[in-house]
Every structure is written in structure tokens, then in C-alpha cells.
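Consider the two complexes below, in which subunit A is the common component and subunit B and subunit C are the respective partners.
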Partner chain A sequence: MSDTLSSATAPASAPLTKWRPTGLLFIAAPILLIAIFLFYPALRSIWGTIYVRQPDGSYAFSIASYLYFFSDSYSLTNLGRTFWTTIVTMVLLIAINLPIAIYLRFSGSRLAVFIQVLALFPMFVPGIVIVYALIRYLGPNGLLQTLLEVVGIGGFQSPYLTPWGPVIGMVWDAMPFTLLVLTAGMSGIATSAIEAAQDVGAGRLRILFSIILPQIKNSLLVVTSLNFLGLFGQAFMPFMLGPTSPEMMGPFMLRTFSTVRDPLQAATQATIVFALCSVAGLAYVRSIARRRAAELVK
Partner chain B sequence: MVMKRREFLKGTAAIGLGGVAAGLMGRTALAAEGTLDIFFNSDTNVVEFWGSAIKPAFEAANPGTTLNLVSGGGGASMNALAERAFAALQSGTDPQIDMMEAIGPYHPEGAIEAGLWDDFSTLNLSNMSKVNPAVIDNQWSLPYRGSQVVMMYNSEKVPTPPKTFEELVAWIKANPGQFAYARPDLGDSGACFIERALQEVMGRDESLFTNENYTPEYAEPMFAKLWVLLNDIAPSLYKGGEYTGGNTPSIQLLASGVISMTIAWSDMALVAMNEGVVPETTAVAQLQDLAFIGGYSSVLVPTNAANHEMSLKLADFLISPEVQNKVVTDLGGFPSINWSEMSPELQAKFANVATTSIPTFPGPWEPALFDGWYRNVASNLTRS
Partner chain C sequence: MASLSLAGVSKEFNKMTAVSPLSLDIADGELVCLLGPSGSGKSTLLRMIGGFERPSSGQVLIAGQDVAHTRPDKRPTAMVFQSHALWTHMNVFDNVAFGLKLRKMSKAAIETKVMEALELVGLGGYHKRMPRQLSGGQQQRVAIARCLVLEPKILLMDEPFASLDQHLRERLREEVRQIQRKLKITTLFVTHAQDEALALADRIVVMSMGAIEQVGTPDEIYANPETQFVANFIGTMNMIPGTVSGGRIRASGFDLGAEMADGPAVLAIRPEDFAITETGTEVTVKRVVNLGPFLLAEAEHADGTAITVHLDKTHPVREGGALTLTAKRHAVYRDGDKPYRSQPTA
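For the complex of A and B:
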């Protein structure tokens, strides 16, 4: 995460002038570790989904498990539910955190510090605690419902065990990270630019759309792509807070692997999720690379 | 890199072996006259229960005797200990083991025939007649604590709990939204509910389901009948067919008062009731036609134990009402002796859970059953 932050916020560093082999030596160890413990097993399992053991014991190329996935309405419904949950959560995260980030950037009051601490608080609470706390709070006959009834609002429908359950849990969980990246992006906006715009009579919305948003475009891209990766594969929140069916891909993969005991289909689901997530990963890498290139040109 | 990794592996293996050796030596050193070495396969909460509820009382009643409670370290090392007892039997030496907890008598092979384990059916322990015959699995294992799936309900809203599965289904339909069970893969209590339902649609014939006989062709027609039953009750469940995410969430839902009945493991239910996290009026009940699935933990005594007399005395103590009452109150377990032998307060509280059968369900059936449930039952929920 600190990588993301620094790349999203770091001021232009000294340009890389010479190509030095010692630099490569420094990164050799981590790259080797990633290759051995991540790439190799991942490639093996992807390979295993297309080069499949046949009933007679021999191995042959087959895309049957993919054909099954894309012709199985149950699997497709789960994939659709995963997209829905991810996108709704991402939109909510931006909608909630962007105003806070703007407020934190332009307010120097003590209240701002307090709000920042409060918004980062979820980072220090383990997920399992949040989940059980949310069930007690948002659940049927929970604290929220009781409070609402005290002030005379009835008819509360608990989001627990509905598609909104995991959305709420995941917004809670991903909020600190989103806010950190956005406030970091905000700090790069020069006050002088905004004052200049105000001087020529730009309204608040105009400043937001013409000055602030273009300058934090990169932060938004980073936060969107990384949140997508994190949310799409979530397993814990969906199965604690969400409905039984449709499932999100995280719990679905887990269940296919451990309960249905079908490693081939689980690997196929994982490969499909991986392929979809690599689009988001690509967007992230490109945004970093563009920034790097821009820095080098300077 | 490769060399280093190999050295690293060797190093860790050596440390591991050293640890095991040190552990075994430690155990050997502790064996002494009057010290009973008891090895546990159960989790630490059970060892703690022995330490607080059984050890002090037994040592006070038998001066000069010390119980040495040792966590066995999982199935593989428990098996190794059983092998050690068997080897000692063959060589006529002291096995340094006086009792083993929560393992079966079938390992190592030939041990039963060679007479390694005491046969409790011939020993005439003074409390043996109190043991519920339904919980005895074999004559070498002495069951002393159990856990069984039960109906957990609010007695204020359910004055008379269902006695048969048919009555349970009727109650669910008559009280829409008041019943929930856990998803079978996330909570065994939910799995036990659908397995009991499967036994119900097949005429409660347990012999239809064995560890060896699962094939898709054989199971499909049975599952088809099961989906009909479960889909029939689904609209009457919590939220019109929603399922909880595990054993604890089921109890939580009952505790919040949204539902009046759920399916739970007895030990979890009893702990919740003892700790007061559920309303005072919460109660548990068992089906009387064919009970929900359950299991009992037993002890084995090697016939060549150095303190054999004392080990049998301890075994007898385990199935005494004194210890069995504590199994319920302190451990949240089920007693292995008849409820009529238990304290009157506990009898009154658990009058509805006494059981005459403790069925099991074969594991090889579960993957297809659970996945079929997701596809045929859970996915039919239509949200308004």
C-alpha cells in the first residue's frame, strides 16, 4: 500500500540517468520469491485448467470447464452479482470519501484532524470484529432498528443477509485506504491555482470539475483499480453478511474448492476472476507507468 | 539458493525432531508411581475442563494420585502414542500411557485382537449401568461427553416443541418467518438439518446412506425428493427463504428475537444459555422419531497401563453423575449417562433433549448434497 501511496503522491525524484546492474541485483531476491511462490503455482493452476486429466488417466487439451462455466446460469448469476457488488461499493466509496478528502484538504481546523482519525479507524479493527459488530448493529432487532423505533421510524428492513450487507461491510473496510489515497492526491493541488481560479470568478463546481478532479485523476484511477482488485475477490464479508444466493465469486470459489471438492472448476473460476482483475491491474500499471514516464521527461 | 533451501529444510527438520524427542523424554521423565499419564486428542478447552473439574476432585478422593494431563498434539501423534502402547504390550514393558482421550480403538491394526484396550462391557464399573446404551459405539470406548444437533427455541413462543420431523415441518409452515437454519457448508447444524430432511423423505432409513454407496445415479432420485421438501418450506423460513452464515449467526438470530427456532449444536446452545447471551426462555429439544446427528468422545484404557487399577477408577469417575453434571454445566457437552441420573435441575432444563438414537451421516455424500442445495434450494429465493 505504501508503494501505491508514494507512487501516487511522490514528487518527481531525480531522473534515472544510468542503467546500473547493481540496481537489478537489489530487486533480484524479491522477484525470485514472487516467481517461485506466486507466478509458478499460478501458471501451473491456469495450465491445469486447459490441460486436463481425462477419465482414462491421460492428459489432453480441453476447455470443457470454461464452456461449463459460461453455459451454467448459476455460475453466471454469481459472476453478475460480483460485478454488481463491486461496482456499487466502488461508487459509494468515491461518493463518500471524495467530499471528506476535499474537506480535509481545505480545512485546517481541529475538527478536520478528528475526522481524519475517525475515517482511518476501520484500518485498525479486524474484519471479523467489524462483521459481528455490524450484525449486532444493523441486524434485525439490532441497535439501529431500536434507535429508529425510539424516534418513531418503523418498517426498518435490515440489510443483513441481503446484497446490501456485504456492500456496507466492504465500504467500512475499504474506506481508510480510499481516503488515504485521495487525500494524498489532494495534497498535490496548489492552493494558488484555486485562488487564481476564484479571482477570475470561477464557481465552486467549476473549481471542482476544472481544477480539482483533473489533478487527482491519477489518484482516482489508482483507488478505483486497486479497490476493484480487493473487492472483486472478497470472500469473508459476502459470506458473513450477504445472501445465500447468488454468491460472490470469492465464497463461490472457496465453496467449489473445499465443499464441492472440484479443484478443476474452482481453478477455472479463479482464472476467470484473474483475467477480469488483470484488466484493473493493467489500468493501474499503465497509470503508474505514465506518471513515471512523465517524471522522466521532466 | 537451492543448497540454502535444502539446508534450511534440514535444519527445520532437525529442530522438529529434537522437539519431538525432547517432548517424549519429558513425558517419560514424568511417569512415576501414582501419576496417571492421560493423553488428549480434544482441544485445549477440554484439557482445561479436566484440569478444573476432574483433576482436583479425583486427586482429593485418591491421595497420592496425580493426573498428568497432556495434549496429544493431534491425530497423527495420538496414533503414534497408540502404537507405542501396542509395542509396549508386545514387549511387556510400561507404555507410560494410562488413558487416551477421543481416539478410536481401531489403530494400530491388531491391537483389539491382542487385547491392548480394556473391554468395558466386561469390567463391571460401578457407574456403567448408568451409561445411555444409545451412545456406546464399541465396547472398548467409554463415552463421557457428547455433542448433538438440537432444535433451539424460545419457549415463550413455542410452548411445545415438535417431537417428529413432520411436526417440525408443520410448525415451520404454521409460523412463517420464525425458523432459520444455517447454510450447510458454513455450519454443520444446517448440514445436519438437510441431512435429517433427506433421511425423512427416504422413510428415515439410515441404512440407505453409507460411506461406500454414494454414486450420482443412486443419489439423484433421493435428492430430487429432498429439494421438493426443502423448497416447500423455503417460503416459510426467515425472510422468505434466507439462510444464516453459520452456527453462531443462527444462535445470534434467535438471540435477537427475530426468529423463534433454529438448529444448533448442543454444546454451543448450552454455552449460550449458560452465559445468558440468549433470553432466559431459550430451550433445546431433540426429535424423538429419529434424532439429529451427533457424536460422543470416549476414553480408552490400555490393559498394560502401569497404574491400571487407578485408570479404571478414573474411568468410573468420568461416568459418575458428579462429573457428568459438570460436562453439561462447565463444558456445554451432553452427558453420556441417562438423563434420569443427572441432577434434577438439569433434568428439568433438558427434559426435551433426551435421545434414544444418535445417527451419523456419511461424509462422501456431502459435496454433491451441499452443491445441489445451493443450486436447487438456495437460488430459488425471489426478493420482493
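For the complex of A and C:
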């Protein structure tokens, strides 16, 4: 009887272990496209920054463009400005969105729904519209200045074309994504976990720092690393809203490439930005891997 | 430990009554189960005792002191939640020690108390594990240890075993009973599982639609349900609609005593209270299930009424065959009237 059963079940389990190329074929086309249009040009560009054409037409290894970047005070100032803008924007994004995410998680009111819609609204507005809306509102002689002067408040300093211009624009732009990730993280915290903390004597701040923040650590890491990637390489918002000197790496690369017409230096700048962003990318990948490992242990 | 009294406690959510004004006294060291179906208000009542909901009216008296409007951490209570509610980023030790750390106890005292609490719930040596490395039953033990370590006067348990399998539930409820007896801690245990309540409680409070239906020992509740709801909810009961006339109820071929006013009523007979006799009500057996110690026969009267009967395994019974039944013991219920109960026949 058992023999009959074994032989009867054997063919059913066989296809599960048999290697089939269908899955690989399914993803072959997109992977090929990514390789041809993304990885190859990127690697070629990076390679081109260290294997450089010499004046005599020959090619040789050289790190001269990197040496130039790290010895040029203007390039370093721009890099510093990029770090400053990115970090200030990220801090503001967390500071603005974390309280909203906490409120949305623990409030069931209609106001919470309204606030969520309001916070996600920028997602549906194209960047160019946001930029011009901010210029018209925050710029010199803009609506905000006019309104302040109407109520007797003078001396308004417009953030437009100052380091704060891109910060405001990028906060607006990245807010929906940040809120979505934090809200998703907050939804993983059970109400009973909060109540259990209250029950043993934890106050609001203690619950925030000892229960909520550690439990959304992964979401915070995802938001921080992905926002860093997006903000550090931003070109549009800093170009439209920021100062021209010093400037963020995005517009700096654009200008080096198209105005200064120095593709080698632009590629070097891009490679440096890529290397710095890779650190954030690694943090993101590590957080995903740790979560997967934790799920496997479970 | 402490006694607990509820005096006219009620709760309304957006003008919807979740708990109607009710009063209840629980003695020091007693284990009381709040039993009822979903939406009966038992968890809301427990949450009001724990301080997670504010009563709309009434008093919650713990050792004579009204704590109805006191924060959860300022009450001498501790709650075990249905979903364990462990803090997943902390290991077992830190979960249990969290409340003690907030009380600014010394490290040595915390360690001693945590280890004692973990030993008490059978988790000695598990203090370094993360919650995800524990089974559901172990997680619930940690939640119990987290409460016990704070030495509350009253332990509140909100369906603590609801997410566990039957075998584990039975084991854990015995362990909870042992711990409760050892510590003599006043305990309120919410459950919708009648077997859990019957096995665990000193007294059971049966709730329905935000009101108390009956309070009594498990034996009293099972043997003498005071309302139609309790009769139907606790154990298996054949509820047969009939009519009372001249001190007797006639329902699906049964003609039994019922000292109550004439009119429609419900005849209630437990499956084990039937006797197989030569004369009586004839029913047709539709299905026979072997439940181990006895047989369960699902039968049907000619008028279509379904009747469940427990039979001795030696009794010859087959599907499609006939049984002639009489009731050794019965009760008659009618809304608004005191139920009638027969004396069991020998």
C-alpha cells in the first residue's frame, strides 16, 4: 500500500524540483534593458573617469580629475552645501511627518483622514507646478510677502534663491513618500503594545522613545536612506529654487557638463555622488536583509 | 491582593450602549470569568477596570477606593492582552523588566524579580530570547510574567489564549489556575470559550448585549441557567418551542410539567438529560457521531425539530433508526418570566 502511495505521489512532486527556464525568460527582457541602458553607460562613464584620453590621443589610467575635485575649494563647497541641504531636508521631513504618522495611527477622526489627504496631496502635483507655485508664493513680492505687509509685518526675507529655497521645495516634494513609509511602519505597532506600556507606567515620551521609535526603526532607516538617495542627487529643485553659488551637486554637474562643457569633470562629480549615495543604498539593502533574516527566524 | 466592586458601571460609545449600568462584587483572591459572545461588552468592562476606557457612569472600587477615573498605571491592576502585546524590539528580560525600570528599582532587584517571574511562568533560561524566537504560548507566558512582576492586586486577562491551539490553551489555563492559587491574586478572565470558563473560574459572569445575564459558580450556571440566553449559550441545550397550558408544556411530542402562566414558551432539555424509554416522543436518528466516552445522535422529530441526544455507547442506534425519548430533567423559559425547572427523575 505504501509503495503504491509513494509511486503515486512521486510525479506530482517532481516538477517542483525540476529546473525550468520559464522564470528566467520572464525577467530576461527587463534585466537586459536595465543592463543596456543603465548599467553599461554608468560603468562606461565611471571607467572613463579613471581611464582617460591623453593629449596625444592615447588612453592611460589617471585620477587627476578626482584630485582636482578634492583640491578645488568651489567643488568642495558645493559638496558641503549638498550635504547640508540633504541633511536639513531629511531632518525636517522626519520632524514634520513623524508626528503626523503618529497622529494618523492613533486617531480615528475625520480630521485624520483630511490631514492624510492634505499630506499626500503633493504626490499628485508635478514638480514644475510646485516650483512655480513656491516662487509665486515665497519669492520677492510674492503672495506671502504681500500678505505680511498687509498685516503690517515688514522685512520679509524670501527664501527663494537662498539655501532654504531647495529645502522648502524638496520637503514639499518628498513629504508624501516619507509619510507613506512612516504610516506603514506605524501600522505595525499594535495598540495593545502601547496600552501594555501605559499599563506598566510609561508616560507619553517614554512610549515614544522606548516603544514607538524602536519599532519603526526599519521605516526610519528606509525613509532616511531612500530620501538621501533622492535628495543628494536632486537637480531640478536646487536649480530652480536655490542659489547659484555655492550650489548643490545636481545643478553643479549639469552646469559643468552643459555650460562649462567639461564631461570628464561632470562624470567625476557624478561618480563621487554615486559613491556617496551607495553608502545610503547599502544601509537600505542592509535594513531589508536584516528584516528578511528576522522574518526567517520567526 | 484586593477585592473589586463595580457599582452602576456603564459605557457608551457615540450614544451606543456598550455596557449597561451593572454592579458586581468580586472577592479577594477570587478568579472570575467574564463569559459572553463577541460584542457582549465583556472586554469593554475589563478595559474599564484596567483604566483603558473611562466609564460613562458608576464606580470601580478596588479595595474600597474608587479608581474609575484613574490612569491605568496608577491602578493596582495589570492587564494581559489577547495579542500578547510584547515589545518586539526587546528581549524577554527587557520586556518583563520594563515596568520595574520605570519604578527606578536597583539593577540587582530588577534582575532577581524578573528571574523569579520567569521561573514562575516556566520560562527560566529564556530571558535572552527575542519574542519572535518564542512560540505563541511562550509569548503569552512572558506577557503574564510582565504583569506578575509588578505584583498587581488584580490581574486582568483579556482572552489571553484566544490565538493559541486547543491543546496549548488547556495546558496554559491549568498553569494560570495554579499560579493564581499560589499567589492568591484576584483575577478577572475574559473569554468567549465556555469550556475555558467552566474549567477555570470560581465564578462565571455571563454577559450578553452589555448586560449581566447570570452570575454563579460553573456548576450553578450549567445546571440552572436563569435565562434562555444562558441556557442556550452554556453547553449544548435543545431549545424546543412549545405552548404552556394548564401547567404543562407541549412541544414536539413532549408533554412535560411547567408551572407557569399559559402561553408560548421554550422547552429546554440537555442532550444528557434524555432517557430512552418504551413510551415517549419518537424521533428519527439522522446522524450518529462517536465522541469517545459517548455517542451523539442528531435526531429529528416528525414536525422537523432537530434534537441532540447523548447516548451510552452500548445503546444500539443506527442512522435512520427510531428513538423514543423522555426527559429526565427539563426547564421551561419565557422572556420576562421566572424559568420553570423540573426536579430530576431517578
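The working rule: the second predicted complex is superposed on the first by the 269 of 298 C-alpha atoms of A that agree within 3 Å, B and C clash if a C-alpha of one lies under 4 Å from a C-alpha of the other, contacts with A are read in each partner's own complex, and residues count from 1 in each chain.
Simple rule for what comes next: a residue touches a chain if its C-beta (ideal position, glycine included) is under 8 Å from a C-beta of that chain, and two chains touch if they have at least 3 such contacts.
Note that the structure is a prediction, hence the values are computed from the model and not measured.
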item	value
Simultaneous placement of subunit C and subunit B on subunit A, clash or fit	fit
First, second, both or neither for A:V91, with subunit B first and subunit C second	neither
Partner chain in contact with A:A275 - subunit B first, subunit C second, else both or neither	neither
Which of subunit B and subunit C A:L32 touches, first, second, both or neither	first
Superposed model, subunit A: greater residue contact from subunit B or subunit C	B
Partner chain in contact with A:A197 - subunit B first, subunit C second, else both or neither	second
Contacts of A:A64 with subunit B and subunit C, given as first, second, both or neither	neither
First, second, both or neither for A:P214, with subunit B first and subunit C second	second
Which superposed partner A:L148 touches (first subunit B, second subunit C, both, neither)	neither
Gap in Å between nearest CA atoms once subunit C and subunit B share a frame through chain A	46
Footprint overlap on subunit A, where subunit B in one structure and subunit C in the other make contact	none
Residues of subunit C defined as touching subunit A within the complex	50-52, 71-73, 77-79, 81-83, 85-90, 98-99, 102-103, 130, 132-133, 143, 146-147, 150
Residue numbers on subunit B that touch subunit A, as the complex places them	1, 183, 185-186, 239, 242-246, 249, 252-253, 256-258, 366-368, 370-371, 374-375, 378-379, 381, 383
Complex contacts: residues of subunit A adjacent to subunit B	32, 74, 77, 135-136, 139-142, 161-162, 239-241, 243-247, 255-256, 258-262
List of subunit A residues in touch with subunit C within their complex	190, 192-193, 195-202, 206, 210-211, 214-215, 217, 294, 297-298
